[in-house]
Amino acid sequence: MLAEWSFVGVFLVIALAFPPLGLVTAWLLRPKRPGPIKKSTYECGLETVGDTWVQFKVQYYIYALIFVIFDIEIAFLLPWAVAHMGLSAAQGILPLIEVVIFVGILVAGLMYAWRKGALEWI
Amino acid sequence: MVESVPLGAYLVVAAALFAIGLYGALARRHAIAILMGVELMLNAVNVNLVAFWRYLSPANMSGQVFATFIIALAAAEAAIGLALFIAIYRSRDTVSVEEVNLMKW
Amino acid sequence: MADFLSQFMPAWLALIIQHVVVGAVLVVFALTNMLGITWIERKVIGRLQDRIGANRAGPFGLLQPLADMVKILTKEDITPTAASRVIYNLGPLLVVPPALLVFAVLPFGAGVSGSDLNIGLLYIFAVASTSTLGILIAGWGSNNKYSLLGAMRAVAQMVSYEVPQALSIIGIVMLSGSLSLQQIVQRQSEIGWFVLLQPLAFVIFLIAAMAEVNRTPFDLPEAESEIIAGHHTEYSGLKFGMFYLAEYINVFFISALAATLFLGGYQIPFVPANNPVHTILGPFVLIGKTFAFVFLTIWLRGTLPRVRVDHLMGFAWKALVPLCLLNIFMTAVLMPLVGLWSANLGISEAYIAIPVMLLANAVLAGLVLWWAGRSTRRRETRLAEQVVPAQ
Amino acid sequence: MNVFLTSIFVIVSVITLVGALGVVMARTVFASGLWLILSFAGVAGLYVLLEAPFLAAAQILIYVGAVAVLILFAVMLTRRVMGDPGVSQNNSQWGAAAVVAALMFIVLSLTSVQNWRPSTESPPLLAVNALGEAFLGPYLLPFEIVSVVLLVALVGAIILARE
Amino acid sequence: MSFAQYAFLVPLFPLLAFVVIVLLTNRSKRLSSNIAIGAMILSGILSYLIFFQAIGEGSEHVLAAAHAGEAPWSMMWDWAPVGLSTIQVGTYLDPLSIIMIVMVTTVGLMIFWYSQGYMNIQDAAHTDPLYARFFAYLSLFAAGMLGYVISPNLVQAIVFWEVMGLCSFLLIGFWFGKKTGVYRNGRWVAEGDANSNAAKKAFLTTRVGDVGFFLGIIALGAVAGTTNYSEVFTMGTLDRLKETFIGFGTPTFAFGGMEIPAVGIAIPALTVISLLLFMGAVGKSAQFPLHVWLPDAMAGPTPVSAMIHAATMVAAGVFLIARMYPVFAAASEASHGVNPLNVVAAIGLFTALFAATIGIAQNDIKRILAFSTISQLGFMVAAIGSGAWVAGVFHMLTHAFFKALLFLGSGSVIHGMEHLHMSHDSPGHADSPQEHGSELPHAPDHRATPSLVVDANAAAPVWAVRSVANPDDPQDIWNMGGLRHKMPITFWTYLMGTLALTGIPIWAGFWSKDEILAHTYETHQTFVWIVLTLTAGLTAFYMARQLILVFFGQPRTAMAREAKESPWTMTMPLVVLAIAATLVGLLGIPDRIGNFVFGSWFHHWIALVPTTGLGPEAVIEAEAPTEMNFLVAGLSVLTALVGWALGYWVYGRRQFTATERDPLARVRFAWNTLQNGYYMDALYRNTFIRGSVALSNGLARFDQRIIDGIVNGVARITVAVSAVGRWIDTYIVDGFVNGVGVVTEEYGRIMRLIQTGFVQNYLLVVFVSILVLSGIYLALR
């Protein structure tokens, strides 16, 4: 069990190490002539207008919210998916109904969001 | 794995995590920081749970099932909490908990 | 490998070294393919736009990727003053690792893969979802209105399309009875390629994948005409290169994943799974299939216009998710029946499963299209009425 | 092999605790958010060490992938970009809180340092299958209730967040 | 037995008359009097029928009944259950009661008839306004007397006894509004309501006697278990009663094994009962201690005096003793110490002599007769007391007739005397005291009959001493004189009565009085015989005095001169009574003299009543009545004549003037004491009346000071206690309550601070408490 994950661990280290190494090499190679203009935040060449605070629509939060809810749903569905063939063989239609209820409730949530217009991109 | 690391170690780590989370929840001024503290505490609980599951009764899956439920509930709690803070932010234009003291005597 | 080395050093050190070697191989494999893809993309897009594409740097422009690489490496890297240094720099660092990590689980042959986790597919999704963080951090770190907005949009899009992507592959997981990719590929040899069994899932998966990696019809975040360069506006030099690198590795991986899940990965069609040839030809077959998908993505990029933002978001939640759920429950209902029939009739599952599933999918598709058409017609009439009284 | 494993355990634990401390000590909320992500990753590592792969993946998928994003979104929505340095992060009672936290740590650790007798069994191989059967078997009711909770959270959050 | 069955109608007729008069006919005077008289006639006829039928059945029946142990003719009904036994009501007829109902009805009828005239029915102007009411009372009284006489047991007896008492009260106080003349500081003043005082006095004095009667009945009832004559007089009961004792404490009690005679008083039951019953008789028949009411009762109209104080009511007491004679006889046999019959005899004897002496000194015509009645009653009581039961009863019978005659006669005289006022009675007549008349609206009494008044509250004795005689008093014999020419019928009938009273041979009085004297002489009770003979002599003297002063000589005042004869309604009854007074005596003539008429029939008849109790061995008195004892008879006639002679000698020889003092008055002290009735009234007034007043005042004061004191004291204590309570309440209880309030408020103010409003504070508190709890847990583990 741990053998596989040891590879993942090592691979993780390698993956994490790769970008810094790249940047270091890049840092070595590239010229460094910063200038005030270069340093200014890029706004299509115009001077930055107003401070960077931007009135955010709540829409983004709601998408993230719905994503969280359905992400959890996926996390719960996967074990069922994996065990489905075995379960349906053993207990027939019952597990399926249970999952239908589970998903149905969440779909109800989705329909609510849809009905309330939470999904629209204002 | 079990031989190398005693259960107590995990519990101590979880305890430390819990304590830090608690400190965060109690001491931080920013509402969302408090939420993070709570998340940490929940994770500590989860670690404890899984540790007990792994060391004491790995056969039945109750430990993992519980941990999963806690993860799910923590996520739901975070969602609601943040929605609450956003609502408060929008209505009271502040996120600092100290300024939200309607219940003050 | 590990046992060979273990003679000289303790077992765990040997194991680690082996892992390092394998990891290095995978990284190199990913990078070379990424470069290859850039080249192919230039050529194909050029060909689509009736132009030749890169042909200066080396024969048929084969060295063009190297040229790009050298260019990016040597470009100056500017950190805007307004950016909060740590978070700005952390952005690119967090975008690339997820793209690379997913390769650990990809099966190149029977038993030949980085590590055959029994939760392979879930691992892929977990790691894939962390990539959104990088973008968010980049957006926030560069302290630029547009980059933040771009990041927010990118994240919102990736987040919205991750759900249909995951839901679509649940059908496959159900069919194969396991999350491990090796198992899935093995199952495809038995029951037949999942593209045949789950055509609808295949289509949804492709769409979601394209959106996930912000490829053409859905490449809204870094679209030039939109908010400058999206979240990596303030980045330059290799930091920008990192984003570019991550993007193409993702494209490559998505294609590989699609190949593995739907086209049987390293399997040669009509050749029984246990045939020794798979161990040798396996990787090449996989690469072949992967490049097929890459060609498809590049084709799409070349031909399809960009999708409007609200259509993009609405499409994910209002169309794809419901469709996936229907598909899941259709398979959940049919597969046990198939199992029963095959048991009763004695015919091998494959011959029954494929026709049944194809038929079911066809019916489902027909229904959906009819319903979609009807609802749009009704919406138009409603809008028309509103307009008419306006005169 | 054991030394290797314990060392890994120590590393992962350290990562987690450092992450937690970061959350607590960070100057800006966004920074503490990032530290939180690091801490979540550390916890996922712990799950791997505890041979609960599904949980590790779920932790990464849900916490790091979704909740962290949610938190960061919330942070962004509720503060001006790059937030004003503002007054110190801690409120008036941080001293007491520290004491309480320390005491709590001591108490918990006291109870946890016992001579536990770990069982000799090993976790089931096909963990995910077993989990699936558990979800639809003995733990069906919580399974359904989780969906209800999620629905409530969804609807509640939408109502609260929308104007 | 047929008529005896209806015996109960005898009292019922007058009762019905009473009811009818009171309820229906009190408007018309004549009708009501006729009804009353009719009722008396009916009951009279019925009683005569019963009487003749009883005689017809004769002695066999009576003897058989006596031996059978029950009354000859008696009807009994159950009236009311009392405990185990029931009180019975009914009639009890035996020779004694038959004689009585005959006597009462006859005399009653005469008096009713006479009353019409007396109440001036013929002279509408002067008819008494309460005429109807008078006859109602009379009928009620008759019913009472008749009922009493035939009652089978003592309970019914006392019921009718009380009716009689009530009627006597009502009738004496009939003119309750009349003001009587009182001599004060030289003038006759109309003051004081003598009548109502007299009525009250009569009622109260008889009431004292009644108490004894009541106790007697109760004692008898308690001891014998019943008061029915038939059951009480049986030999068995009487023997049983002889043994029983009433007393306090046990006769003997054991003390250390010895039987020690009881310390308490144990009196033989019969003695107690008979003495108590005798007390009742004394009260009702005005015997010695309780005689004071009778002279004052003369204030009432004369027919009342006649009916009540001559014939019937006073006879009731004597009848009681006669009726209960078996009890008295048994008591005398069983008594160890006091012999009740001796007591009776002694009281009777003393009263006879005592009353006779007072009678001499009276000036009012009716008072003289009153004292004479008391004396004659004493005579009867003494007779019965000394064993001459039959003679006593016979004397009661004869006395009833001639005393009624005398009273009606005096009434006629007074009526005649008032003729002067009535004839020219006009409002203008100022000087007569009656002119002022009583204020009572419905009793304007124009009768100028100021009678001598016992003014209870006057200091000095109020007897009208000759020097203060009232010239207008129609009842004062000194204002009369020479009325024999004016009122011949009244004179002659009055003479008959006087002769009968004084015991002149042919007239009734002689036979009955002589029989008594003969009996006392033969039974060797010489002292009794001597005193009785002396009394007879005194009786003769004062009757002679009266007769001479009233009828002989010249009229001394204008009233006397103007006196007219009473109308026939008044004189006819006088004549009838006069005839009766002479003939009644013949009933009891001893055989030796006159058995040619009907030979001492009375003795044979009355003797049938066994005096020793009913029952098989009942001894009926010896057949032969007491023989005529010529010696005794001669002596009694001699004393009577001596009395007459003295009377003539003192008063008959010269003409007196109205204001002249009585010749006997020279003996000042004796005369005053006699006139004031030995000052008995004054004695009673000073002892009982003043005593009771003083007692009541003392009690009032006692009550005032002690009880009120206690009550006020308690009130003060309560006030004090409540004050303390209030203090406690205000300071302690309120203090506590307010304290609780204050504490709560303070506590609230402090605890309020906990709500800081910071979420984290609350969280901190939570975890602090967790720490504390886990610390405790760890410590304890």
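Order as written gives the chain letters A, B, C, D and E; numbering starts at 1 within each chain.
What we mean here is this: a contact is a pair of C-beta atoms (placed from the backbone, for glycine too) under 8 Å apart; a residue touches a chain by one contact, two chains touch by 3 or more.
Keep in mind that this is a model prediction, so the values were computed, not measured.
*Asks:* Using the contact definition given at the top, which chains are in touch with both subunit A and subunit E?
*Replies:* Touching subunit A as well as subunit E, we find B, D.
*Asks:* Looking only at C-beta pairs that count as contacts, which pair of chains has more of them, B-E or C-D?
*Replies:* Counting C-beta pairs in contact, C-D comes out ahead.
*Asks:* With chain centres defined as mean CA positions, report which chain is farthest from subunit E.
*Replies:* C
*Asks:* Of the chains present, which has its C-alpha mean closest to the combined C-alpha mean?
*Replies:* B
*Asks:* From the mean C-alpha coordinate of subunit A to that of subunit C, what's the distance rounded to whole Å?
*Replies:* Chain centroid spacing, subunit A to subunit C, equals 14 Å.
*Asks:* Averaging only over C-alpha atoms, locate the centres of subunit B and subunit C and give their separation in whole Å.
*Replies:* 33
*Asks:* Quick check: how many Å separate the C-alpha centres of subunit C and subunit E?
*Replies:* One centre to the other, that is 146 Å.
*Asks:* So what's the Cα centroid distance for subunit B and subunit D, whole Å?
*Replies:* 6
*Asks:* If a residue has to touch 2 or more other chains to count, which residues of subunit B qualify?
*Replies:* 1, 22, 26-27, 68, 71-72, 75-76, 78-79, 82-83, 86, 97-98, in rising order.
*Asks:* Using the touch rule from the top of the page, what residues of subunit E touch 2 or more other chains?
*Replies:* Expected reply: 758, 760, 764, 767.
*Asks:* Where in subunit A do residues touch two or more of the other chains?
*Replies:* If we look for residues of subunit A contacting two or more partner chains, we find 2, 5, 9, 52, 54, 56, 58, 60-61, 64-69, 71-72, 74-76, 78, 81-82, 84, 86, 99, 103, 113.
*Asks:* Could you please write down every pair of chains that are in touch?
*Replies:* A-B, A-C, A-D, B-D, B-E, C-D, D-E
*Asks:* Along subunit B, where are the residues that touch subunit A in the complex?
*Replies:* Touching subunit A from subunit B are residues 1, 68, 71-72, 75-76, 78-79, 82-83, 86.
*Asks:* Which stretch or stretches of subunit A touch subunit D in the complex?
*Replies:* 1-2, 5, 9, 51-54, 56, 58, 60-62, 64-69, 71-76, 78-84, 86-87, 91, 95, 98-99, 101-103, 105-106, 108-109, 112-113, 116, 118
*Asks:* Where on subunit D does subunit A make contact in their complex?
*Replies:* Spelled out, the residues of subunit D in touch with subunit A are 5, 8, 48, 51, 53-54, 58, 61-62, 65-67, 69-70, 73-74, 76-77, 80-82, 123, 125, 128-129, 131-133, 135-136, 140, 143-144, 146-148, 150-151, 153-155, 157-158, 161-163.
*Asks:* Could you please specify the touching residues of subunit D with respect to subunit E in the complex?
*Replies:* 91, 93, 96-97, 100, 103-104, 107, 110-111
*Asks:* Considering the complex alone, what residue numbers of subunit E touch subunit B?
*Replies:* Counting only subunit E, the residues touching subunit B are 752-753, 755-760, 763-764, 767.
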